[in-house]
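When the chains are written out, they are named A, B, C, D, E and F in that same order, and each has its own residue count from 1.
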Amino acid sequence: MDHRYLENIVGRFLAEDIGQGDITSEPIFAPDRRNKAFFVAKDEFIAAGLATIAPTVFKCQNENIVCAGIADGTVVKKGDTLLTAEGPILDLLKAERVALNLVQRLCGIATLTGKFVQIVKDLPVAVVDTRKTTPGLRALEKYAVRVGGGHNHRMSLADGILIKDNHIAACGSIMLAVEKVRGQAPHTLKVEVECENLKQVGECLDCGVEIIMLDNMAIAEMIEAVKLVNGKAILEASGGVGLGNIRVIAETGVNIISVGALTHSAPACDISMRLISA
Amino acid sequence: MDHRYLENIVGRFLAEDIGQGDITSEPIFAPDRRNKAFFVAKDEFIAAGLATIAPTVFKCQNENIVCAGIADGTVVKKGDTLLTAEGPILDLLKAERVALNLVQRLCGIATLTGKFVQIVKDLPVAVVDTRKTTPGLRALEKYAVRVGGGHNHRMSLADGILIKDNHIAACGSIMLAVEKVRGQAPHTLKVEVECENLKQVGECLDCGVEIIMLDNMAIAEMIEAVKLVNGKAILEASGGVGLGNIRVIAETGVNIISVGALTHSAPACDISMRLISA
Amino acid sequence: MDHRYLENIVGRFLAEDIGQGDITSEPIFAPDRRNKAFFVAKDEFIAAGLATIAPTVFKCQNENIVCAGIADGTVVKKGDTLLTAEGPILDLLKAERVALNLVQRLCGIATLTGKFVQIVKDLPVAVVDTRKTTPGLRALEKYAVRVGGGHNHRMSLADGILIKDNHIAACGSIMLAVEKVRGQAPHTLKVEVECENLKQVGECLDCGVEIIMLDNMAIAEMIEAVKLVNGKAILEASGGVGLGNIRVIAETGVNIISVGALTHSAPACDISMRLISA
Amino acid sequence: MDHRYLENIVGRFLAEDIGQGDITSEPIFAPDRRNKAFFVAKDEFIAAGLATIAPTVFKCQNENIVCAGIADGTVVKKGDTLLTAEGPILDLLKAERVALNLVQRLCGIATLTGKFVQIVKDLPVAVVDTRKTTPGLRALEKYAVRVGGGHNHRMSLADGILIKDNHIAACGSIMLAVEKVRGQAPHTLKVEVECENLKQVGECLDCGVEIIMLDNMAIAEMIEAVKLVNGKAILEASGGVGLGNIRVIAETGVNIISVGALTHSAPACDISMRLISA
Amino acid sequence: MDHRYLENIVGRFLAEDIGQGDITSEPIFAPDRRNKAFFVAKDEFIAAGLATIAPTVFKCQNENIVCAGIADGTVVKKGDTLLTAEGPILDLLKAERVALNLVQRLCGIATLTGKFVQIVKDLPVAVVDTRKTTPGLRALEKYAVRVGGGHNHRMSLADGILIKDNHIAACGSIMLAVEKVRGQAPHTLKVEVECENLKQVGECLDCGVEIIMLDNMAIAEMIEAVKLVNGKAILEASGGVGLGNIRVIAETGVNIISVGALTHSAPACDISMRLISA
Amino acid sequence: MDHRYLENIVGRFLAEDIGQGDITSEPIFAPDRRNKAFFVAKDEFIAAGLATIAPTVFKCQNENIVCAGIADGTVVKKGDTLLTAEGPILDLLKAERVALNLVQRLCGIATLTGKFVQIVKDLPVAVVDTRKTTPGLRALEKYAVRVGGGHNHRMSLADGILIKDNHIAACGSIMLAVEKVRGQAPHTLKVEVECENLKQVGECLDCGVEIIMLDNMAIAEMIEAVKLVNGKAILEASGGVGLGNIRVIAETGVNIISVGALTHSAPACDISMRLISA
């Protein structure tokens, strides 16, 4: 992720939590009093954002804070130290909550993604996210999905094509919809079409669609689709995917499985900050 | 919530999801083609944000969208219609994902809050949230807590006083810390102090602290604290509260129970949008 | 005050005064030509913002300016040096006017506040400000009030409760209004009610209102109110307070006296900047 | 003033005072409950901003508020109605304080300007303001000066040339400084030079300076300067101008008198808002 | 293009040209005085932005301006009326220059693009733009390219993959570079690699690269590349393309020709605004 | 140009080109891998922005990039090195396109301006720009005009007076229009009036207009105007000025010639960036 982009987002988060100042701490701590702070894991999980995003939060609050965290993807155990930060205690306390709120969520997403990925790791399939992300946090959450071993679907409506039932209905056919969109879109983007049945899958093949989304299809129908497509397009399974059924879906031979739960239902990991005198 | 504040936040969320435009829909739908859209519940839950926040999302995208949703706090069943919106299909599709991502989360928070509140509803205790909210969404998430029957703790570091162990250690005693903060803070704010034992609770009483937080105390100790305080301060229980133990905590006689899980671990509710020709 | 908050405000003030550049100085001074500048008092007053806010202005314009000023609360005499700044002359000249305009106003507020505070310093009463501040400068002006020995009332409509006649009329009674607001507001905030007569003061006591504002009451009536309340609530006198009558108001025994004039009518102090070659 | 520029400023002022919402009024008033509000003068003064700026404040908060105020420049008496606004009471209350804080200040500036202008109204001289304005309010305050019968000096460092002692010293002579600046500045701007003595005035004439500022000169010296210049440049008197000496300064024959006090020391006028049911 | 995105950009452009107001027109025209304005072509060219972007400029300045322009892609002759706008003359004058500056540039780009497209219209090749756009105007300029019959390359570094010599050198081979990027990028994006010779083209085929850019290759080498690739990837010719050589490049059989000149060197078309009384 | 102003603009340009990150380079280059980059001229032209603006682009992206370029106004030849930058390769690549797109345009404007200036360099006339600049780039483009030896007309509608036919018609005469505008505008600005014939020129002289614009006048008429005015006002020729006729216009004796083409039709210069290992 670009660091200027990240700093911009983080600045707003700090403003939300700090407002005009910390009315408890400012009367107590002198601006130049320094301390050391640690983030400690209170659970087992996959670390995400400790080496990159949390340090940005501390440095955005005060560029004189020295901060380093463990590498993305590290599996941590309860009690592990995840990050150290040293600097003015006033700014450590002001940045604490935003940093924790962010990394607890990102570790949660990476950890849940890791569980999905683990189940299908011996199969030639990629686990990808969706646009079902927290408003304002999309880039961060999609980053955490990558840390957990997943891949990303499009970032926004502007950088990926996905033709759905409404588009098809409005144009009269898949072919006409694909034509209209291809006439306007950059050639650098693949065309993806959401299909509800094998007939539609066939139509996609006829017009050279690069990615075919199988929307809430039964396992048997997916198997048919894989046969029909036979490598001529990327097949993405979508809808109702959970830890319980991702294996059987992957075994149909699809190339991509998209999972909304990665970002909308990952429980936060438990991390706390401890302070000691510097 | 103030509508200008809300529109400002929502504008950024729409920009995140839409960017420079919807490259799939814009080549297909004319800007003046109108449709009707519905939000439908796919679960049972407490509605939050359908009458207020989701309509703001649609109207922010296009002020000509006419939109109305069901009242906050309504308990909905699977299949219930939650919201109708009529306007240009291009803008309905652009606003869809942001509106859904927001209300699915807010309904989730209201629903989880409702579960906690239900368990203690016959006792004189309030369930409150914390600062463990999603960065960028604090005001919205605290709104959903209120919809679910909970109450709010401070909104930010700037509008509530909470003296913790670091502050006490830096000043030498609770009394000195309270004095320092009272010397600077508006008289309109109560002073809250986090206590780890009964001795500290007693010190708080000695200096007229208005709210005493019992931090991760055992049930027996909380009972002692309630006796000791005897109505001379508000008692807030905090730390490790779940659906399984909130009842027993409430029965100690504390006045307030704060629950981080309300906002950091509420699973999203399932809602989808359906489109029909207008 | 939080430094990120302050820098954000100051950046806009600099932009207002500098726009695209200083068309007089830029053709004359090379960007790396350095000078020393001094702020000099041309009056006697209480210093406010010289050690904190003015240096932020200079550093916002150019982080390489080295700048330090005298402590908040210092009583200065005509001719005293208040601040020194050393750095590129171009940036010293660009920041000069904003820095002066700010501190002249802040010193004015601190000085006027100091006069009010001085008159009642032997009495157990606090002098507080109001929301009658300059739009865009509220946090800075409330800071200057604290420097002058005063205290702050609420910062905005969002972080303090003040129930007035319209609210009471709409609800039917003080009790009902208090109930409605308490049902929604954080428990960390005290409830304040504006009263016009003793009957209302009594109603406030009945429902446990924490702060009672006596709005434009006669001295005799205030004395009655103090007796009636007898320490069961904080009493705030408000309306028409000046240097001439604050003593007699304070002697009624009220706890708080709010003075709009602190921020809306404090005359600016006279300070000028002198430059010498570095 | 451009309305888009004004709305932009006002939006920030409303955000400062309202934050995330009015925690007292929002639980009490339904969003669609309408009322009527009036601004009433509690003093005698010159109206400024009632017809233009205050209505923008109300409409920025809610575009459905219908609002009109009396014309700029009207002399009002105690008890006069200055403005009426009708709309949702919630938004009338939210906009009230910002609107009042602004117009009280602007009326104060217009009124003070009017006093200076009145004293010299039979003489061919213009009273102008300076850059000693409130940070963030410059355009509004300079507008109020015009309402009071005054004129404006430059708006910022970017749109007016003023060569001072530092510039002259750095270049070696007035002529060289003027040359350097003229080489870069738009031909649409007049060149102004600050002079401390008649010798400098003469040098200005030699190089065709269009405006000569007489900085803190004695009356006798100003009279000499007027003779020397003899209409070949605009003469501006500056420094230490008050209501007591502006007449004698004007009688020297200078064309322009600049007065910092117009904006940095005008006391606020007293205006209050009254609400009645709509 | 999304209308909220467009309004945001346009608001900044208006602020740049109008600042705090139009000091010539505001003293002369009452805010409610209405007029009609016309845009008239003073050249022959392809219209772009008259029906969409110019009306947004006028409506951003004042939503009460009624404005309509001719369809994108219309070929206009000298003297043709391109747009009519009716509303307050003050706002017509304020929006005039921004609207003209934008559409003159966009028509210029559409017209130049049209010339390139015309030359190769009977061949199966697309003319595309590059990132050599005016900073701040990329989305608008790429829109104009589409109006002129061209297509778009990636919008930014974030939504298109282009592996160049530095990337290849850092990884050791095309294959390793492609692998690294594919491991992180969304599957919705095609991989493009810039090649300098046929050997590299061959390597691209070996690892399934979807788009191969032939960077400044000679015509003969391009012909070889087309044979070698034989439809297994999209071929993009890039570098030094002008109106004089695009035909011969297209005849090599490449699929895409990218032309930086479309956006960095299109001369502005000549359009003027005429006003008549409404 | 003020550096804070410049950084603000540049930040938006970088965001436009980089978005959430460079999806090609970020997976390949470690954030701390350093390189050296050079800008090389591929044409002969006048350098503009290499010493000031391009380094700001690189430093805005990463303050640790060390960057220096050749002085404004240098005439460069094909192959000349124009700028060196050393720092993290990731940030060099991210800033490259914005820096190039800006300086190619600015050098183009300086070069074209230089051609106009060269033709009339022995005559007492200034070549000035207009408001026909690229939206969002006005300050930069006007800077490049100065580098090329030209001068600037007003920066915006707010800082220069230009009375045109509409203003005159609305007021009834030039005299009345001038009076109205002078009543409101700062005395630091000259009044300019656009004239279509000699009669209007005479009217301008009668009311002391400081600048008279001769709008699209024939050469013979301009010669008459120069005689008529005889040094009592600045004469500006405007309309249809090109390299072919500027000499003959200048020979009429006008003082100023404004040329829209300087900014709306200057072709970009050709510059490329080369990278070598640091």
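Going forward, a contact is a pair of C-beta atoms (placed from the backbone, for glycine too) under 8 Å apart; a residue touches a chain by one contact, two chains touch by 3 or more.
Keep in mind that what you see is a predicted model, and the values were worked out from it rather than measured.
Considering the contact criterion stated above, the chains in touch with subunit A and with subunit C alike are B, F.
Just to note, of A-F and E-F, the chains joined by more C-beta pairs in contact are E-F.
Annotation: the A-C interface is duplicated by A-F among the options A-F, A-B or A-E, judged by over half of the residue-numbered contact pairs being identical. In this assembly, C is the chain whose CA centroid lies farthest from the centroid of subunit E.
Averaged C-alpha coordinates put the centre of subunit B at 52 Å from the centre of subunit F. Centre to centre, using the average C-alpha position, subunit D and subunit E are separated by 45 Å.
Of all residues in subunit A, those that touch two or more other chains are 18-22, 26, 94, 155, 158-161, 184-185, 189. Arrangement of the chains shown, judged by which pairs touch: an irregular graph that fits none of the line, ring, star or complete shapes.
You'll find the chains touch as A-B, A-C, A-E, A-F, B-C, B-D, B-E, C-D, C-F, D-E, D-F, E-F.
Contacts from subunit D toward subunit E in the complex involve residues 1-5, 8, 139, 155. Those residues of subunit D that touch subunit C in the complex are listed here as 9, 12-13, 16-29, 33, 89, 93-94, 97-98, 100-102, 104-105, 131-138, 155-164, 166-167, 170-171, 177, 180-181, 183-185, 189, 264-265, 267-268, 275. By the touch criterion given at the top, residues 126, 128, 146, 151-155, 158-161, 184-190, 192, 210-211, 234, 255-256 of subunit D touch subunit F in their complex. Note for the complex: subunit E touches subunit D at residues 11, 14-15, 18-22, 26, 60-62, 94.
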